[in-house]
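Across the two complexes that follow, chain A remains constant while its partner is chain B and subsequently chain C.
On to the complex of A and B.
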């Protein structure tokens, strides 16, 4: 409980500090809107030209896009400490100060940054989810709404877990290892479309190693009423938990890696 | 002119230094390319288009290979603007516009060639329907090369305009991020311009962003016939000249009302 209070308190302070430069904040938020708007435009134009992707209609595709967009940018917003700042914390030696404080390192890293500019990306994603659910005529029920919430929540942890890969590599190598981002950003680009669009190697990658398919596509396809690979309903409720598993494994790896942390000394 | 040439040469050499980063970038870009190609293949399987699939895959690979040409910016200059170090550069007996133009051009040229050559070799090696196809004709290859150089000139001119705005606002993130995003969307990186609705294409291909990579790729794949090449190259040259002129004016103005961030 204490940790959560600490997190909320730091978020409050950080957001207040970012709003000290309102014009810059506004411009950057607008830039985010253009970025995510551009991504959505790409989906709209593709749908306009191709009508459908395998068995997925336009509405389904907007729903998948919205789900990825909301989830990804929620993690970029509230997990900014992991997704953005960590490599520079190692490089500048800022991480040393965290070692002195009586809280877990990962907690402190999570508390160290927030990125409220992403709010426009999340908004674009939400709009896409709503349009998608209207066009695909989803019959909402409490169970389905719960499943959507579960998918987003587990996706949040999955994405943070994948960003931790870069953090762990960074502890060992000091330099930020951008190649690790292929999995996170590549996963976002690929898995904003349903997994069955991709050939087997990519499918395996995004099911087993970075399980976007388990966390997002299986529940989403269940909500849309076209279950992927005709899996039974209970699978849709269980499979998103793999996101939390990934985060757990990476958090463990992170704490192991911290034992080898050697300050750069600056 | 000699001074600008030696700046250009120095930056070329500097850009070859970080080979590890280059390798990482290549792997990432190839991965993205494969994802995009897989996606377009699945879309084409559902509803084939008038434009053959090989054009789209070629488009994707050329865009990914020259990604760095669009999106490399002079990080030194950004720091100098923020810290006030730019004052030293302004004291040089050179025109600052030309000074930075030579620097950014070297950076974009070498940065993109280092990544593009191995990537394009890889894309050629991929099976047909996945990879890069040969140019439409030898003439198309030569013309697209010419168009690529003009495109490079155009990108660099655009970059200097972005920098001129950065000098005013001091914070690069707002305006720069916005202009870069416009570039990604309108230059064909997010979605090949050839897949935009046909009516939009008429407008978009006229904009400066389409002159950077889209124009050379169109010549390469033969979407723009060699007989239209004159028109394409002229449009590119006109935009480049206009953007350079605009950039020069902005830089002159900035110098007149310059506030150096001290410290």
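On to the complex of A and C.
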């Protein structure tokens, strides 16, 4: 509870900091809108050209796209400390100051940055979710709404978990290596389309190593009434938890890696 | 039973692996091991104000980082108030305050008061105690009028005072300072010194100060440790250390008639600047009265000053002698 309070307080301070430069903030937020709008345009063009992808209709594809962008940009917004700032904190030695405070390192890293500019990306995703839901005629029930919320929440932790791979690598190498980007940004770009659109090796990658399929595609296909691989309903409720598992494993790896942290010169 | 000191450091060693840049024609860069600390031991009592000096790269910052729990040593043992810093980091850091002269811990774009209230949450301080301590510190540091100013708008000296306040809010029993006066002007430096003395005296806070500024050292620390190439070379009073290396005097002298040239032994270095003569001699060569009589033979002296070497020169001499 105390940690959540600290997180909220930190966010307050960080947002206040960003609003010190209102024009810059506004322009960057607009830039984000254009960027994510462009991504969505790609989906619109695809749908316009092909009408459907395997069994998925246009509405379904908007729904998948919306789910990915809401989840991904929520992670980038509230987990900015992990997704963006961590490598530079290691490189500049700013991480030292976190080590001097009586709180968990991961907690403090989470509290160290927020990126409210992503709000426009999240908005684009939300619009896409709504359009998709209308076009696919989803019959909403409390259970389905809950499943959507679960998928987003677990996806949030999955994505942070994947970004932690890079954090762990950069503790060892001091310099950012960006090798994990294949899973994070690559995963976002690929998995905004349902998993059965991909060949087997990629399916394995995004089911076992970076389980976007388990966290997003299986519950989403259930919500859309077209369960992937005809899986039973309970699977859709259980499979997203794999995202939290990934985060748990990486958080453990992170704390182990911190023992090797060697700081930088004075 | 042997009485334990507040800070006990036994046989501390730490080395780093540094990879050198890859040379042409080689597959990978050579690895080089730098031994930052080699078997360093010392102890500090509660309430002591100790200076820690040594040339760049001597291992001072490494020591501070180990004592504050950021780094784990390769070998050796540290006990601070009975506990090992890197074993239980969270418990340990509640009791210490650390200020790095070149690293800021407060938030850059918000008023410093906001930073302090976030620190209150981080350290889980109770409100009454926090308010009292904040009041006391802002008074002592002269920060009252700056509390609502964002950190980025403060001058370097003001920023350092703000940082100090931030690192002392949780009433640490030990304060580690790593080059706190770096880049400060004379006024800020003096204010900082006064404050450190005050904190040390009123709260009995143990302070370990790393600096290159010998004036700080002389003004604050009765005890000095000298570190060089990862080893402790001296531990004792600053005045004794200086006395040991204080062997030369420089003399400035002006005669009534400007072209007077005293005849002096060749060991005395001498040069002329306008009508002033500058001499440097070693005190072990002859007594001051001998020198005076030699100087007076040349003519009537109008003005004369005798000065010891500045502390910086002494320290540079000392480092040279110790082979650093």
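As a convention for this text, the second predicted complex is superposed on the first by the 265 of 266 C-alpha atoms of A that agree within 3 Å, B and C clash if a C-alpha of one lies under 4 Å from a C-alpha of the other, contacts with A are read in each partner's own complex, and residues count from 1 in each chain.
We take it that a residue touches a chain if its C-beta (ideal position, glycine included) is under 8 Å from a C-beta of that chain, and two chains touch if they have at least 3 such contacts.
Small disclaimer: the values here were computed from a predicted structure and weren't measured.
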Query: If chain A is used to align the two complexes, do chain B and chain C fit next to each other or clash?
result: fit
Message: After the superposition on A, what does A:2 contact: first (chain B), second (chain C), both or neither?
response: second
- prompt: Does the superposition put A:10 against chain B (first), chain C (second), both, or neither?
  reply: second
- prompt: Can A:223 be said to touch chain B (first), chain C (second), both, or neither?
  reply: neither
Field: Per-residue touch tally on chain A - higher for chain B or for chain C
entry: B
Query: Which of the two partners, first being chain B and second being chain C, lies in contact with A:259: first, second, both, or neither?
result: second
Task: May I ask you to decide whether A:27 touches chain B, chain C, both, or neither, giving the answer as first, second, both or neither?
output: first
Lowest inter-chain C-alpha distance for chain C and chain B in the superposed arrangement, angstrom: 11
Query: Which of the residues in chain A come into contact with chain C in the complex?
result: 2, 5-6, 9-10, 13-14, 16-18, 20, 93-94, 96-97, 99-104, 108, 259, 261-263, 265-266
Task: Enumerate the contact residues on chain A facing chain B in the complex.
output: 21, 23-24, 27-28, 30-31, 34-35, 38-39, 41-42, 45-46, 48-54, 177-179, 181-182, 186, 189-190, 193, 197-199, 202
- request: Spell out the part of chain B that touches chain A in their complex, as residue ranges.
  value: 21, 24-25, 27-28, 31-32, 34-36, 38-39, 42-47, 49, 169, 171, 173-175, 177-178, 181-182, 184-185, 190-191, 195-197
Field: Residues of chain C that touch chain A when the two form their complex
entry: 16, 60-61, 65, 68-72, 89-91, 93-94, 96, 98, 100, 102-105, 107-110, 114-115, 117-118, 121-124, 150, 178-179
